[in-house]
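Here come two complexes built around chain A, the first alongside chain B, the second alongside chain C.
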Partner chain A sequence: MRGERLFIALMLAPAFLVLALFYLYPTLQNLAISLTDLSLLRLKVGGNWVGLDNYREFVTGPDFGHILFNTVVWLTLLSVALRMLIGLGMALLLDSRVLKRVRLSTIAKLAILVPWATPPIVAVVIWRWMLDGQNGIVNAVLKNLGIVDHPVAFFADLRTVWPSVVTIIVWNTVPLVAVSLLASLQSIPDELNEAAALDGAARWQQFRYITLPFLMPTITVLTLMSVFWTFNNFVYVWLATGAGPGTYTNVLATEIYIKAFVDFRLGYSSAVGMVMALVMAVFGIVYYRFLAPSELKDSL
Partner chain B sequence: MRKLTLSFAALLLGLSLTIGPALAQPAVNLTFRFNDTEEQPMRAALDQFQQQNPGIKVELQRIGWRDARDQYLREAAVGQGPDVVHMAQVWVKEMGQAGALLSLNDLMKKSPLPNGFDDFVAQDLAQDKQGVIFGLPWTTDTWAMVYRTDVLKAAGITQLPDTWAELHDASAQITKRTGKAGFGFPAGGSASGAIWFLANYYWWSNGKALVVQKPDGSYGMNLTAADIAESMHYFKSFITEGHNPTSNLSASDAHDPAILQALVAGTQGIGTMPPNTYKQVLESYAAANPGKPLPFVSGPFPKGSVTRTSNIGGRMLGINVNSKHPAEAWKLVKYLATEPIFTKYYTTQFPAQRSLLKKVDFGTEMKGFAEQLGYARTWGPYSDGPAPIGAMWNATGRAFSAALSGQRSEKDAADELLQAMSKLMQTRGQ
Partner chain C sequence: MTAGALELDPRSAAQAPRRGTWQRPTPMRTVVVLVITAVLLLFMVYPAIYIFYGSFKAGGGMLGESSGFTLANYRRIFASGFVRFTLNSVLICAAATAVSTFVSVCAAYVFSRYRFRGRGVLFGAVLLGQMFPWIMLVNPLFVAYAKLGLVNSYGGMIFCYTAFTIPFSVYMLTGYLATVPRSLDEAATIDGATRFQVIWKIVFPIMMPGIVATATYAFLLCWTEYLFALAFLTRTEMKTLPLGLYQFFGDDRVDWGAVMAASAIATLPTLILFLPLQSKLTSGLAAGAVK
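Take a look at the complex of A and B:
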């Protein structure tokens, strides 16, 4: 028994070592930096100990609520919700008989992969040009249709900047959701729907009581993973708006970047990073407490 | 025996073919990181340098101005980075003091500059108080106003605006009479934002400044929240009244393609920029309209209650403290500051040597820049004071962007800028 335990420990040791080297050490190092006033201009000299000052400044600062709201509501909740809803809709469409009947199913499945295969930087550049206030095709169409009199500055107007960013995120990431849900949809036995139809169930009832329960495990996992990816995301907001106009679209990830590499305040930036890591840890706990056990059970 | 001789000869031939090229490889490989857009002419200039110095090979790296400073500081701190680095003049002192740049004093002694260091402008920004020189001023410039003469004519404007109020009125008149944009300036708040320059020119022309040196030698601010809010209100009026397109709220750089395109296409009447950007506008117009006279004129900045002004700006070259070949890097720096670079390759820039500046023919379209140079001032206390210019630049850009976009009221944004400044002045940027 003891030998068995030793064997298990030895087998796990390399993995633990890698984790300690690449996760634990940087985290502890970041924690240490967050308690100093280290600046990019004083990297060689090092920072002075400031205790929890950086944390206090961030949490009590005037922008804290705004940044948290942007990160949680605009960046995460809205884009994840839209991604899941549109992804589900696309998966249902791709699985429908209509597309198969008009022989567009394969083309549609291939076409849906195009946004997914587009790197985020390319996606943002494309959308920035399309939504450009002066020369963008979207403004040209809106003007030609008589919907607007003057071009809309999508990335500069406070009313349109967040919807524009969310549009890019959803466009670029929805295919993963759609393809994953399509795979789950195709695993639902046809007999269930046929039996329900014979029993007089309407389409909506079939969806509500057969399709959706089958999809729920996939939806749950995808939602949680999407929350992880989106909450952490820096690329879309930074490339699309640079956290502006002003600091209107500033989120936690861009705040970390701005403080570290624009204002050169590495200590403060590390403190923001630790706060962000704490929030992510909460998501992680939710995942391991509620979802991982059931997944484990399913796989056994 | 013959077989043996032949084998030996073949071996020698093989060795010379394989080892020969390796031995002929340049002894020194330098890296030059260049932040401007003129990559091709700069490559041609470096090829010429390589021909003159067969033992040195130079790799040209390109990076945007926005990321250049922090990228280099990160690399230099861990013993990496290019051998020769391209910097804004205002970065040099703080980068040198951060230990990222090599002192050039010894190199200058060993291999002096043809006309000495005194021939260069902006020496105060190149060295610290102890006289340690961290950068060689490479180019110099100042911003000026740029006008489309045909748009002004169509709007019935016969004279260039002389005051800030006249500039506002001219801008409004262009939009009202022609439907085109008036004074289209970049109003975004990113790290290299142009609004920093406009704000300072406005304050300076009205006898105010973000940083001043007091009679006792200490540094302070010479701006109230009301002053800042008033300047924000002035620049915001161009956007709210529709002479500066709202889309320019997401443009931060003078060379933003949307603004340059608007000037070239004639959909905007007035702009402001440094000379290299203006030259690009002129070249683009000439390329798009071959044979047509250039409908552009440059002019000095409008007058405030005290003066009209701008800053003497430009770029410097420095040598990485981690460079393994400082002597060769210095050779490259000296070469890049020679006259042919500015007459043949890097023609969009003006040299930083006084002796070379005297020879520059500004031409008709550039006259306004030449005139503005006479009014331009150095950053002075901004550079010598306790707050890093980069940090003040960022704070100002963000505050103006917040006010101009309507994210904050002018008063709130002005208060925030004052608070940020006061913190920077106390804590030396942290």
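Take a look at the complex of A and C:
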């Protein structure tokens, strides 16, 4: 039907025009810029073709390993792993009989939503205040308990800066995981656990052989989505530490911003962007490998 | 199963909790769970509450400070141009949300109602937008914006935020539309309604709650967006609320009172809008993500 095809095209056109202009064109443009020495200060003049020099400089440079390690291990792996584990723990807690008996389930669930409703920009503010090196409440508590003698400058001390940033991220993002897993937990038929209990299954066996398999699809999707969101994230690290002290907490996203808007090296910065996209693509392949059989066939 | 539970412990079964009725939690267990819950809730809620408390204290509620209730922080930030930042944010976010929601509804309708060649690829492309490293777009967009004179403009930011919220909106709305029975459309078509009449008169009213929820969330995404604003808005009078908030962090000194008041203003709409929105979001995410 010609009419139908025209209708489909008309309805999709506006959205895809915007998407193409915002995602596709700039991505190609970014590739072109990454092969030049374009400077932010000489946009009118334009840049000179330098081939793969920018890539070579970044990949063989002294910071490459450090930045990649920060991005993949500290920012992504650690914060995602903690968020999934704590989220699972919270979901199990909220589903526990004890909370239901004392009728605290609903209020507890509402309470854990609060960090989710807090914008990341504000989450960073709060924790910068709580972890303040002079008057922060965390330092006050640690001092009163006698754990430290002198206040810890959490964001200036190399030993504490990454754990502090990860704390912010986990605090802000764990509710999504907890609430989603709670919804899955509550969809497990009661009869399964009751039958298992009658057959003499211990609690951890029920968890291992009933609860966990039921949660697995949700866990897989949440983990992969979290990996993408966190890996791409600029705000947490930039606002919490500004990639510092020095460049100690520099990640790919902040490196792109610094190179472009602090050092004015747009060409080099774009090359870092392409490397980041490449790492993302590897994650992306893993994602589709994991989900392709069920999700793609259903939804596409 | 229930009969067995009744025999073992009729009292708790009579209260009809969902699971494990045959086994009452021991007092020890109850105490442990309650303590863990209390600590957890303190950790989750206290930081957010403190913003509002601190915003009414002269020094932002720093420890050791003993000032009473004051509106001085709010007065100070409003005097320093925060009203302008807030208005900029409202304008940009509202416009972007309106455009984004409109084009997303159109696309989502087609995705949910028609089977056509390339559908899978196109929907996959939309999903990809949600996982895109946005930071990578900043350089090329800045170059293009500089050429077109869109740096420090409302138009540039509205375009940015429209595009940035479309993937999420299409995804959510397609999920909602899947719950609206197709038989409704078909019946109306048989009665002689045109395609556009079907959308406006039948589908649109039914999916209104879904549209409102999606638009609200899109608005909140824009309301707290920092990266594009940071790159594309350099003139003070064009800045949005998130940039204004971080203005109070000086290089060596932080005006905590102002920061807390600005944070409270940034958080209030998200707190108010988010709680009613959350159950829809979770079910939408679950329905869309976990098939």
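Some observations on this one:
The definition used in the following text is that the second predicted complex is superposed on the first by the 273 of 300 C-alpha atoms of A that agree within 3 Å, B and C clash if a C-alpha of one lies under 4 Å from a C-alpha of the other, contacts with A are read in each partner's own complex, and residues count from 1 in each chain.
Note that in this section contacts are C-beta pairs under 8 Å (C-beta built on N, C-alpha and C of every residue); 3 or more make two chains touch, one makes a residue touch a chain.
This structure is a prediction, so every number in the text was calculated from the model and none was measured.
After superposition on chain A, the partners chain B and chain C are seen to clash.
In the superposition on chain A, A:L43 contacts both chain B and chain C. By the touch criterion stated above, A:Y248 is placed in contact with chain B alone, chain C being left untouched. With both structures placed on the common chain, the touch criterion links A:A140 to chain C but leaves chain B unconnected.
Judged by the touch definition given at the top, the superposed model places A:V235 against chain C, while chain B stays out of reach.
Once the two complexes are overlaid on the shared chain, A:I33 sits against chain C while remaining clear of chain B. With both complexes placed on chain A, chain A has more residues touched by C than by the other of chain B and chain C. Once the two complexes are laid over each other on the shared chain, residue contacts for A:A153 go to chain B alone; chain C is not touched. Contact with chain C, but none with chain B, is seen for A:L198 once the two complexes are overlaid on the shared chain. In the superposition on chain A, A:T106 makes contact with neither chain B nor chain C. Comparing the two complexes, residues 40, 43, 132, 135, 260-261 of chain A contact chain B in one case and chain C in the other. By the touch criterion stated above, chain A contacts chain C in their complex at residues 4-5, 7-8, 11-12, 14-16, 18-19, 21-23, 25-27, 29-30, 33, 38, 40, 43, 90, 93, 96-102, 104, 108, 110-123, 125-130, 132, 135-137, 140, 171, 175, 179-180, 183-184, 190-191, 193-195, 197-198, 217-218, 221-222, 225, 228-229, 231-232, 234-235, 239, 252-253, 256-257, 260-261, 266, 269-270, 273-274, 276-277, 280, 284, 287, 294-296, 298-300.
Residues 37, 39-45, 62, 132-135, 151, 153, 155-158, 241-242, 244-248, 258, 260-265, 267-268 of chain A are the ones that touch chain B when the two sit in their complex.
By the touch criterion given at the top, residues 67, 70, 73-74, 77, 94-95, 97-99, 188-191, 245-250, 252, 258, 261-262, 267, 388, 390-391, 394, 398-399, 401-408, 413, 416, 427, 429-430 of chain B touch chain A in their complex. Contacts from chain C toward chain A in the complex involve residues 1, 4-5, 17-20, 22-23, 25, 29-30, 33-34, 36-37, 40-41, 43-45, 47-51, 54, 60, 62-64, 102-104, 106-107, 109-110, 114, 116, 119-120, 122-126, 128-144, 146-147, 159-160, 162-164, 166-167, 170, 195, 220, 223-224, 226-227, 230-231, 242, 245-246, 254, 256, 259-260, 263, 266-267, 270-271, 274-275, 278, 282-283, 285-286, 288-291.
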